[in-house]
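Next up: some structures, all given as structure tokens.
Note that chain A is present in both complexes that follow, paired respectively with chain B and with chain C.
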Partner chain A sequence: MSNVLEIRNLTKKFGDFIAVDNMSLAVREGEIFGFLGANGAGKSTTINMISSLLRSTKGEIDLLGKNIAKNAKFAKSNIGVVPQDLAIYEDMTAYENVSFFAGLYGLRGEQLKERTVEALEFVGLGDKHKAYPKNFSGGMKRRLNIACAIAHRPKLIIMDEPTVGIDPQSRNYILNSVRKLNDMGCTIIYTSHYMEEVEEICTRIAIVDHGKIIAEGTKEQLKAIITDTKDIWIGIKSEDEIKVESLKQIPGVATVRIEDQMVMINSKAEVNNLNQIIQQLIRDRAEIRSVEEQAPNLETVFLTLTGRNLRD
Partner chain B sequence: MKTLIIALKEIKQALRDKRTFVFMLAFPIVLILILGMALSNAFSGNVELGEMKVLYKDTGASPALGGYWDGFVKTVGQGNVHFTPLGEGMNGQEEVKSDNYVAYVELGNEGIRFYGSTKSTIEDNIVQGMLTAFAQRYNLAASAMKTDPAAAQAVLANASAPHDIVKETALQADKSPGSIDYYAIAMTTMIALYAAMSASSLIRGERSRNTAIRLSAAPVSKSEIFAGKIIGCLFSNLICVLAVVLFSKYVFKADWGDHFGMVFLVLLSEVLLAVSLGLGLSYFFKGETARSIVMIFTQLASFLGGAYFPIGDADNFMGAVTNLSPLRWANVAINKIIYSNELGAALPAIGLNLAIAVAFLAIAIISMRRREAL
Partner chain C sequence: MDFWTIGNKAGLLFYIIAVLYLGASDNTAWLTLAYLSYLSLNMAIPLFKRKHPKQLMIFLSAACVVYCAVRLDPLFIVLLPVNIYEFVSLHVRRRRYALLTMAVPALFVPQAMLPIYVLAAFLSYLLYAGNRVHMDKLKAYEDEREAMRDDLQRLSRALNENNEYIRQSEYTIKLEERNRLSQRIHDEVGHAMAGALIQMEASKRLMASDRDKASELLQNAIAISKEGLERIRLTLKNMKPRSEELGINRLRLFVDELSAKHAIDAKLTYEGNLDVITPIQWKIIQQNATEAATNTLKYGQATEIHFEVKVLNTVIKALVADNGRGAPKIVKGIGIVGMEERAASAGGTVIVDGARGFSVTTLLPYGSPK
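Now for the complex of A and B:
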């Protein structure tokens, strides 16, 4: 598989602040490439440089084998951008929105009409083409945001948090759309705060921290990085009596989190401490409902590698 | 082509915006109507004068003067000026103060003494003028009597001939704007300047809607976006300006003269100035500050340019300040084109408008090029 996108030694500085630090990566044709990073990690700056919205301080970006700085028009024509914030005109109909942006990509006449209708139908807004986005739900606006980026059939689609703040139904619709676009031959760069989304749809993932890629690979490869820890999830009836500090003193326990009547413990894999944990919970008068030892997920990987939660 | 697509989008959005109709169409049309009706007297060249009653007292100290005076009173009494002798127990000056008479005249040894009313200036001036003419004629007749009595008779005969009290000598051309005509021009040039407000949001609006990201990510150059936006803004504002012109012409019957092509060029250059000004200031100031500054500028320029009431020619500081308003030089040029057929008057206004427009466009272009995004 050839590379659709290749980044070499990319650096972006804002004054003294280094937002992207000597980053290199390659996105292969047909991939859904997940780009994970907390706020300020440098992923939006990287995406903006790929989309030609920002100029790099140093380094090269090639799209389909061509340098984007030297072939800006070619690069822009082959990229579709779905920005994190809605980028649509509320005073123009759904059809006019898609048609306007598709027109800027050089589509004209019948082809413009066909592609506009096709994009609207793809995101499930075919019957709303005459409606104004101001009357749309959050999910519908998000879908229109996507339609505006795909009508010109780009080779690479960059989706920056496309499911922020929408209902589960619209979210599923968008995730299915991403898969369909990928099936149709589009390569996709996908960023999200929702780890489960990335785990569900991305074929390869890069974790970005402080402007650098600190890990890259398939989700299995990433999880394999942290074979020395395990997650123990214990369901309880009430969180009131649980003493987090007592649990943390048990040998091998690294972190303890309590959420939604679930005690989530990250512990060293080689230490057999399950009995001690359960005994402590019994001493705390906790009513245990379930005990599950989990393999590490992306959240754990991210936490282990960056030392912070993705939503921090 | 992409420039045209962006321009068409701008026009579509502007014409769909309710604020456009309120600010650019309804507001000026209502103001033309209200100010045109309310201040119609301020623009009228005719003053209706009723009967002028003048009280007089002949002390009898100069019989010769009294004789001529009686003839004078009889002659002018055929018109609107009526001289009434002071009655018993009447105080001439008090009668004038009480507005019962416009003036009081006393004939005595020293000649004619005149007491006028400050409340009725026009009538007062007319009576004064008549008395001055009478006094000069009397002096002439008195002098002639000493040397040539026949000539004195001729002077007096001529004095008794009927004549107009006021002879109008025009200092200005016959054609001058009525109140509706004045406000039709003033409001049109005012909304032409209002284009600065929509222009100040041209790029800022794209940024606040995040659509600037999409525009920048599309294969469109900054200059195409820039040109498309200016053309769209220029066109949509010109549509509004022309709508006000046509409405005032056909509904209010405002006079737009016989050289509308030249008037249009002045308006076009003013809209271009406004668009460039708004755009340039939006690069100078961040966020809503630009819009506020443009708003203050347009209101000040409207006020000083005579949009709300006529501003006369003055050589003082205020006169110099009013000349700084783009509205002022546009209004002066258009008035000269319409009412004096001075087509050349358009050139200074168009030249100034274009020069300032070019300066602000240059600022906007340089600022835009320096920015990484729009």
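Now for the complex of A and C:
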């Protein structure tokens, strides 16, 4: 897999303040690359430098193997940016908005019309060509914002917090369209401080803090930083029936403790053995009252590494 | 210095020549002689290195000037202050005496010449005084430079010697250690093995004639060997420093000292299997903790400082956090950069946060990450 985007030693200073600190990363083709970090971690600054809105203090950015500073036009026509703040014109129709932005990217004539219709269709606004965004809901505006960024079919789509402040339905729609775009061959960079979203859709994730990447990998790799085990707590009616030995036979199970009508099992995180454990308990005629699985999530990873919450 | 004096004299002389030439004086030949004699006398002054001939020349020049002033033209008197200054400054360091002496002839100067004399004297004085200040400064700089050069030489020599000493002691310690080890093995194990060997030899001979005795001897040999093996194990175990204890104990000592010596409440906590931390990683953790603690003491205005070493699954996290005033905007100084560089040398990162108190987190990967 080749690198769609490669960043080397990227630094951005605003006076004394270092927003992005010597950051290096590579985004491979076909990835949904997640940028996870608290507000002010430097995500948007990085995005703005990738999309040539900001000049870097130091470092290089290559898009598809070409330096974006030296190939500005090439870079711009291959990147689609969905900015954090809506970038649509309220008093132009949805169609005009998309067509305008696609025109800026160099599309003309029939192709422009085709792609505009296609993009609107894609975000589910196919029936709103003539509607004005000022009458749209927050979610619809976001979707239109996406349509504006994808009409020119860029190789790399950057979405900067595209789900901030919208209803769950639109959010699901957007997450689904991210997946669809990915299936169609787009590489996507997705920034968010919503851990669940990133965990759900991203194939690889970088955790960013104070302008630095402090951890990078698949979500499994990131979780493995903290621990490679999970705790399973099963509430039961009576402890008499439980055969600890037979539970220990189940693959992945490391330790079993029984206390106060609770079976506490520590197991390898990557083994999915909850079914087997429950089946074994049922075979032992235990009466299960509750089941709780505690595995680390990205929030825990962030908290453990930085000592802070993502949403501080 | 000489250069300036000559320049000054030349300027004054040219002034006189110009004024007298324009004034169309009649005894041109005498004037020319006066110019030339003044010129030659004053050129001679800097040629002499010793004090007395210099004095003589200056005196002659002054006499010549006075003579010319009396006999030819009073204007010559403006050349006098320079000579006076030169003369006086050969003897006294204080500049104000020179100024005073330069003022003396003013009493004898004709009324008409007085302003120009005072002006010439004053300008000359200023020129020399300023010049002298600069010269003194320059000399001070030069002395300092010289002293620093000496220092540098001395220090680099000391450094070299120390390096050599370190190399030597490393070598000696290695030798001593090797010596100790071989002695120990010899004492503890050598004798036992020799004993076992003798018994085995004996057992081999007795094998045919007295099987019972032979097997008894063999049993003995086995027991001795076992014991010897156990001793080797013990020796090696005792000798191997327990790296975990080295690291965390050193940190604990540091934390305790911090608590005792400064008005700050320092705590250390640790979690996880500290065995996985290599000596190099301990060094980084220790150095970064020291650096962070120094920062806290210097700027933090904190009452508590907390050290934490946590071994996670693939990462070691070392945290130093205080409850001080923190920093809303972190400016990377040499300290933070140093911590980052140390961490980077082991593939790790440093997070510096000033939002709630000041905290420095060092993350170091270990084992088989990714």
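In this text, the second predicted complex is superposed on the first by the 247 of 312 C-alpha atoms of A that agree within 3 Å, B and C clash if a C-alpha of one lies under 4 Å from a C-alpha of the other, contacts with A are read in each partner's own complex, and residues count from 1 in each chain.
Convention: a contact is a pair of C-beta atoms (placed from the backbone, for glycine too) under 8 Å apart; a residue touches a chain by one contact, two chains touch by 3 or more.
This is a predicted model, so every value here is computed, not measured.
Once chain A is used to superpose the two complexes, chain B occupies space next to chain C without a clash. In the superposed pair of complexes, A:194 makes contact with neither chain B nor chain C. Looking at the shared chain after the overlay, A:210 reaches chain C, while chain B stays out of its contact range. Once the two structures are overlaid, the count of chain A residues touched is higher for B than for its counterpart among chain B and chain C.
Of the two partner chains placed around the shared chain by superposition, chain C is the only one that A:225 touches, whereas chain B remains out of contact. When the shared chain is aligned, chain B comes close enough to touch A:103, but chain C does not.
Contacts of A:233 after superposition: neither chain B nor chain C is touched. Once both structures are overlaid on their shared chain A, chain B and chain C have a minimum Cα-Cα separation of 23 Å.
Of all residues in chain A, those touching chain B in their complex are 51-55, 72-73, 76-77, 79, 81, 83, 85-92, 96, 100-101, 103-106, 108, 148-149. Contacts from chain A toward chain C in the complex involve residues 16-18, 209-210, 212-215, 217, 221, 224-228, 304-308, 312. Chain B makes touch with chain A in their complex at residues 1-2, 5-6, 9, 12-13, 16-17, 209-211, 213-220, 372-373. Residues of chain C touching chain A in their complex: 310, 312-315, 317, 319, 321, 329-332, 349, 351-353, 355, 359, 361, 363, 369-370.
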